[in-house]
Amino acid sequence: METIADTNWLLTVVVFAPLVGALIMVLIPQEDEQSHKQVALFTSLVTLGLAAFLLIDFNYGDAENLQYFVDTQWIEVIGAGYTIGVDGMSLPLIALTALIMPLVFVYSWNHIPEPGNAKAFLILSLILETGMIGTFVAQDLVLFFVFFEVVLLPMFFMIAVWGGENRRYASLKFFLFTLFGSALMLLSFLALYFLTEADTFSMLVLTENAGEGITRGTQLLVFAGMFLGFGVKVPMFPFHTWLPDAHTEAPTQGSVILAAVLLKLGTYGFIRIAIPMLPEAAEAWAPWIGLLAVIGIIYGALGCLAQTDMKRLIAFSSVAHMGFVMLGIATLTDFGINAAIFGMVAHGLITGMLFFIAGSVKERYHTLEIKRLGGMLAQAPRLGWILGFVSMASLGLPGLAGFWGEFPAILAAYNPAAGVSEQTFRVYMVVAAVGTVLAAGYLLWLLQRTAMGEPSAEFADDPNITDVSTTEWIAWAPLLFGIVLFGVAPGLIFEVTDPAVTQSLDNCITTLTGCEVAEAAASSGSGGG
Amino acid sequence: MTHNANWFLEYAWLVPLLPALSFVGILFFGKRMRYKGAELGIAAVSLSFLLAVCAGFAWIQHHDDVGYQAVQSSTQWLQSGGVEFGAGVLVDGLSVMMLLVVTIVSLLVHIYSTDYVGDDKRYTHFFAFLSLFTAAMLFFVLSDNILQMIVGWELVGVCSFVLIGHWWEEKPNSDAALKAFLTNRVGDVGLIIGTITLFFAAGGGNTFDTIKINEAIVQGEVGHTALVVASVCLMAAVMSKSGQFILHTWLPDAMAGPTPVSALIHAATMVVAGVFMIARLYPVFFEGMQIGGSSINLMATIGAVTLVFGGLLAFVQDDIKKVLAYSTVSQLGYMVMALGVGAWTAAVFHLFTHAFFKANLFLGSGSVAHAVHSFDMKKDMGGMRKFMPKTYVTFIIGSLALAGLFPLAGFWSKDEILVGTGGWGLFGGTGGNGAYTFHLLMGLFGAALTAAYMTRCVYLTFHGEFRGDRSHGDPHESGPRILVPLYILSGLAIVAGFVNLPAGFQLVGDSWTERFGHYVEPYKSSYFPAIDHATPSWSLAVVASVVALVGAGVAIYYYFVKVDRLADQTQQSLTELPDGLSKSNGLAGAGHKVLVNKYYLDHLYEGVIVAFTKVPLARAAYWVNQKVIDRTVDAAGETAVLVGRQVYDVVDQSVIDGFVDGSGRVSDATGEELRQINSGKVQNYAAILFAMAAVLAGTFLIIFAL
Amino acid sequence: MLLNQFLLLSAVLFCIGVYGVLARKNGVLVLMSIELILNAVNINLVAFGALTDNVAGAVFALFTIAVAAAEVGIGLAIVLLIYRNRRSIDLSEIDLMKG
Amino acid sequence: MLAGIAPLFGATEFVRPAIDWHAAAPELTLLGFGALITMIDIGWLERARRIAAPLTSLALLVTLVPIITLALDGNDRSMFHGGFVVDDYSLIMKATFVLAGYVVVLMSTNYIAEGDYWENEYYGLLLSSILGMILMASARDLISIFVALELLSIPAYMLATWRKRDLKSNEAGLKYYLMGVFASAVMLYGMSLLYGASGSTLLVDINDAISVATTLDAVVVIGIIFVVVGFAFKVSAFPFHTWAPDTYEGSPTPVTAFISVASKAAGFVALLNLLFVGFLGRDDIFEPLMWALAAASMTAGNLMALRQTNIVRLLAYSGVAQAGYMLAPLAVAGTVPDKALTASVTYLVIYAAMNLGAFAVVIAVARKTRSAKISDYRGLFHYAPGLTVAMTIFLFSLAGIPPLGGWLAKFRVMEAVIEADTASGLVLGIFVAVNSVIALYYYARIGFGMWAEDAPDGDLTPVNVPLSLGVALTLTALITIAMGVVPGDVVGRFTEVSLLAGG
């Protein structure tokens, strides 16, 4: 594997820069909140800067191969390596994470949720960032697992400490669900380790190997373990119930991070690990994943229609949106998986933004009960319009980012990968398309109830209800811009992901057709790094 | 033309770009401008209009030079799965025609709006979205692939949503906006699926390019099943966008928006997007619906039903804009029916003429409403002729054009549609793609209806005595910014029909006939099916005119003669005759006396036409519309919410969450039980220890030693 | 000399000891019962050692005896302590902590 | 009977066995210091109080020296026909015991000094108990195992009863003592049977003898089971755990920490010695036995912990569950002995760090609240953020959340049971996975209370953490994190051990 020797350190720095910031903040006394905010913001900006450099420096002509590849020993005794690298599949997600965090810190500038303590809050956020970026760059199953879990604790506390009324239940539920999933996922990782001849956790090798030498029955079981692990995180129906609770109770920043990045860890796991490593099992499970995905789409939408709380509604909409992402993945086609990655980024921007709005609404109205809101367009017109805009993006309006996650996923379902039942997926396609109607239904309904009409008597003369503030503008503008940019020029993302996705699937297909091209696969599949 | 003609065709993408830039400009800087953004919008649309005109001339030249060859310029938009998706413009007669229609109507509406919504608090915002709509619509008509069409299709839908809900303070307005958007979304399901089917089925697979898809179909490379599926699915989209029966209910509700919006979006341009799409992807429908070979098909039938249904509904409206809205539904029905019977040019031509006279009528109604601050013909209008003579004239011209009276624009286009049905075999009319006699009859019936309801509308609005509130003084004529667009549009309503005089029209030379069809219809190009053109028929033209005149005549007799006279007698401004069957009050009694003493025609009218058409049929249609179709739409929404509640309460909260919480409780309870082991008594502990040791020993002994 | 006799004796002693530990309420008697078990062990060890002609068994027994002495010493101390504090050495009453 | 023994004495000239002083140096050092402290106590009485704790610390640190030199030397050593063995496994365990003892001393310093207790004896007894433990690490003979066990247990009985006037402490000591003695009696009976079946007290010989099925199978089965039961008591595996919560609750907290970590580890060491050297040939017996114990311990321990209101009792039950995890690899010890041993040792080392840390926090918090109620931990974050972060680290490490040390421990356990590639192994793996989730519930609940709830009575005076306790906390926290983040250097180098059969 040839490497770009000069900049290999870059990825490590990107991953751990937030942690360094967090360590510095540990040394600053708690009272000095301003310094904490500055350090946190600065750290995340540095990370963003590094990520931006990564984006520039990344060799797009070679997006299918891992770049900035580092492979050293980490825990020799268990054969786990510190193996990191980035290719077209992970690059957009890293960029998304690096972008979201500074916005969260900007927003936190004057929105530290109750009961305060900026120091702890910001440190946890930075640890989260390291965990999230780390998950996207990890190329070793154990490393992946560790980063995957690092995210858990800070999020738990974010909900538990800075959450709403019912935070205890929500945080525990979140924690238990995810841990349950990841425990089974770990079992699957171990099984992969022992069942393949290579005895390695290296994702590259396991991907090349693509389940060779594992009997079909075992593959199915191992895949099921990962399915649970990643599926809980996504979350897929019926493992989704933690999500609305977690979102509803989490502070705004927590919701944003949760929606924008955390949920993607699960779907990313599917496309990075579960499918390429066990293509045969993926093929067998695909109809079931697809089924749960479309159930999620419809179910999430129906759930939304039943909500009386704005934040909970947005949370449920995530279930539906991630359903589209999973449908794309379940087709096992390059179209579908490209769409899924796009959908992940788009959902991150859009739903993240929706949660920001919900947070601001809560701050102004001190309630998120849809019934009591109304007339936001009259009292805070910009806020109302932004809500309208983002709702449109969320319901998949072409020309905005959301569309490119949904439409290609539906498109891919028309013609799933060979070996996956076409009839079944065409039914899914129709159901998913119907889901778009419901999506429009609940989002517009939300918009109508909250933004349109006359302000209710309760809030009509409330001086608290002001329009978008400066910090909010700074925090939101990049997201809004991103929603438009990727909606108009979806190629920006598709062109990065496409080579990587195509290659990862090529490898699966090669294995499926039983070609003994181990040599060829070894040279191409592991290239780059 | 001094320029290289092709420049305007290749750079046609500038036409939508200008209003798009204007949208951004108005959005960010509009409030700070002198005229609050309106000037930017008008300037951009004017430029677009000029470019469109130039493109029109360029196209004519191009067509003369090289024949019907579309100019396509595209670039890669995105790439996925190794497939490249292009973005580009497709310029041919159809799109150039649409450019002209959209830009001119949009420009006039822009100008009109500066007065009409002049003191609106969201004036700037209104213009921003007018610009965006114009851009989106132009983008849509120029798309060279279906994916791009979807984008434009949805964007115009959003603009429609925003503009219908322009006065969102009132719940009915926002309801109407939601209804419009959601109904369209339902159709979009069809659009998405149909598009995807075409993507995989046509053009060797994996392309959205309209020309490639069309060519593949024309060359017979695409399986029939796929085309049936695609055409039926796309038809659903057309039905929602172009207000076809049964997805039309949003369109009358959409009248909640400001009148200029109704004129531009819900009469002239956006609602014809469905028609445009059929025209653009005609091979899909031609093959999928088997238009060429049969005498009945889904599309033609939907069109026919819609045109009659819409016409009937227009009868019973009291709101002037609703009359026009149902009229639009009816006219769109004509267009779809025309396409359904294979009369492509007739449909597109009707689209062209309809845009002008319907926009004219809408803006005219707006002018009246602007004066009386209401749209209710029965309550707040009447006798407006005296206050607004100029508006009256333009309105009359528009009505006549709509009614299809010679020689106004509507006459020519409607006549072509009737001819195109091929059902008029009796006196020399021939050909077409089959004998759609039923559709011809429906079309004729619709023509009579159109004339009649427009007569009613004109009477109620402009004749009789003013019934509105005079406390703020008399209504007065609108200003020039409203009137000038009305003049221009009524002028167009008069002359627009001449661009496509029927072949064999002996009054002019052959080089003046069928100009529109010649330049617009991609006949014999590689991406158009082989359709048969019907031969125009003098006899049908005469019959159609007579039918329309009869329709108008009956209504004139009813309103201008009978109602007027009764009004004179009773010294009241009446809107209709009291019910002849009821004698329970004085007014009704008087009416009844008049009735029984009059001509046989009365009986014919009362007993047959009115009694049969207006009262039961129109009212029945209205009842069905409001109580069945509309209720279905609402009920679908309510059911979804209800189901959502149920699913959420039962499945999510009880079953799934219950399972999760339940397992927690079971764990807790088990833990509690297990705690009993620790009784605190040390000898119990010892007993457990020894008992377990003994049990283990016993078990293993049994396993191993025995 | 039959090994079984010693083993049986040892087993019986063991059982008596276990019974005592489980059933007697008096702390001192429980301690004595434990001594019985330990002695059962000793008998076993010595018997087996003799059987296999191996000194280790006897050595083990010596260690056991020594350690048992220490253990019982501690045990008596604890029982005494409890008696001082509670004025009772009834083991069934000692259940301040449970669950 | 005597006739059988007499010839032995008469026939053989007594030859002093070769003694490798270096190998025995750790034990001898500790013994020397223990004796010294006792002497000083006897001589100086009260005046010795001030130096007792530092001297004990010194003793433990000095003991580390020979352990390190032995490790650097790297040779495996064996004495007394293989009854006493020094190999890398025993060295890492000795180091663990000594360090754990050191941390316990740090934790005890102020606790014992501030409570009205005898100090000199306390440290003397602590040292002898540790001596028993490090002896256990080298013991490969039934007799030395027994002696080591008693040497580590008997002082512990006394330490548990250290608060003489406290009824709970009395009760804790009594229960610990009675159960301990009873268990060791049962174990001894088992040992005597094993001796009978093999004719030797050396574990290697026992293994040779019992690996071949004989007519004495029943004796072997009962022997193995009784011996295992004796140590199952020591490691507080379900259902032999009953004493643990009561004793933990009643004992002085540093002693509890000592019992729950060092004493439990010693029990494991003995089990490992026995299983891997003595019974390895009979995996058909001990594997299912260990499977049952492991599965039952982790499940029951976790379930019982769910309803606890006292943090020490909760830690006791969590300790039962942790014992279950540690036993899990032993259920596949016959199939993948190396992996299983490594997994257990890794778990023990990491468990020692994180559990000691948790108790250190308990001690620190009790300095203010004078209670061990879980409800008193509410709002800890608001007045003792450092302690809260530390406690969070320990609890979630116990729960096995990366990147804290506990995850590596669980990972290795999972690795071992899955590598065995048997159905039972896999099922056990799922047991571990599911139990991690249950366990998380009660750990996270404490975490939630500390971080997210308000302090009872709104009392926000900070907790005064003395220096030595602070050192103990820092040490354990750092080790806990390091084990998870860079285990390659900390654990990997030491726990990749093989167990020397001796001889």
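A, B, C and D are the chain letters, set down in written order, and residue numbers restart from 1 in every chain.
Assume a residue touches a chain if its C-beta (ideal position, glycine included) is under 8 Å from a C-beta of that chain, and two chains touch if they have at least 3 such contacts.
Note that the structure is a prediction, hence the values are computed from the model and not measured.
Contact with both subunit B and subunit D is made by A, C. Closest to the middle of the protein, by Cα centroid, lies chain A. With centres defined as mean CA coordinates, subunit D is found 25 Å away from subunit C. Mean C-alpha positions place subunit A and subunit B at a centre distance of 39 Å.
Computed centre separation for the pair subunit A/subunit C is 64 angstrom, with centres defined by C-alpha atoms. Distance between chain centres (mean CA atoms), subunit A to subunit D: 43 Å. For subunit C, residues touching at least two other chains, in rising order: 21, 30, 91, 94-99. Within subunit B, contacts with two or more other chains are made by residues 675, 678, 680, 682, 686, 690.
The set of subunit A residues that touch two or more partner chains is empty. Contact between chains, using the touch rule, shows up for A-B, A-D, B-C, B-D, C-D.
Within the complex formed with subunit C, the subunit B residues making contact are 675, 678-683, 686-687, 690.
Put simply, subunit A touches subunit D in their complex at residues 30, 73-78, 117, 120, 142, 145-150, 152-153, 156-157, 160-161, 163, 167-168, 171-172, 175-176, 179-180, 183-184, 186-187, 190-191, 193-194. Residues 664, 667-668, 670-672, 674-675, 677-678, 680, 682, 684-686, 688-690, 692-693, 696-697, 700-701, 704-705 of subunit B are the ones that touch subunit D when the two sit in their complex. Looking at the complex, you find that subunit B touches subunit A at residues 76-83, 150-151, 153-155, 158, 161-162, 165, 168-171, 174-175, 177-178, 181-182, 185-186, 188-189, 192-193, 196-197, 199-200, 637, 640-641, 643-649, 651-652, 656-657, 660.
Residues 1, 4-5, 8-9, 142-143, 146-147, 150, 154, 157-158, 161, 164-165, 167-168, 170-175, 177-178, 181-182, 185-186, 188-189, 191-193, 195-196, 199-201, 245-246, 249-250, 308, 313 of subunit D are the ones that touch subunit C when the two sit in their complex.
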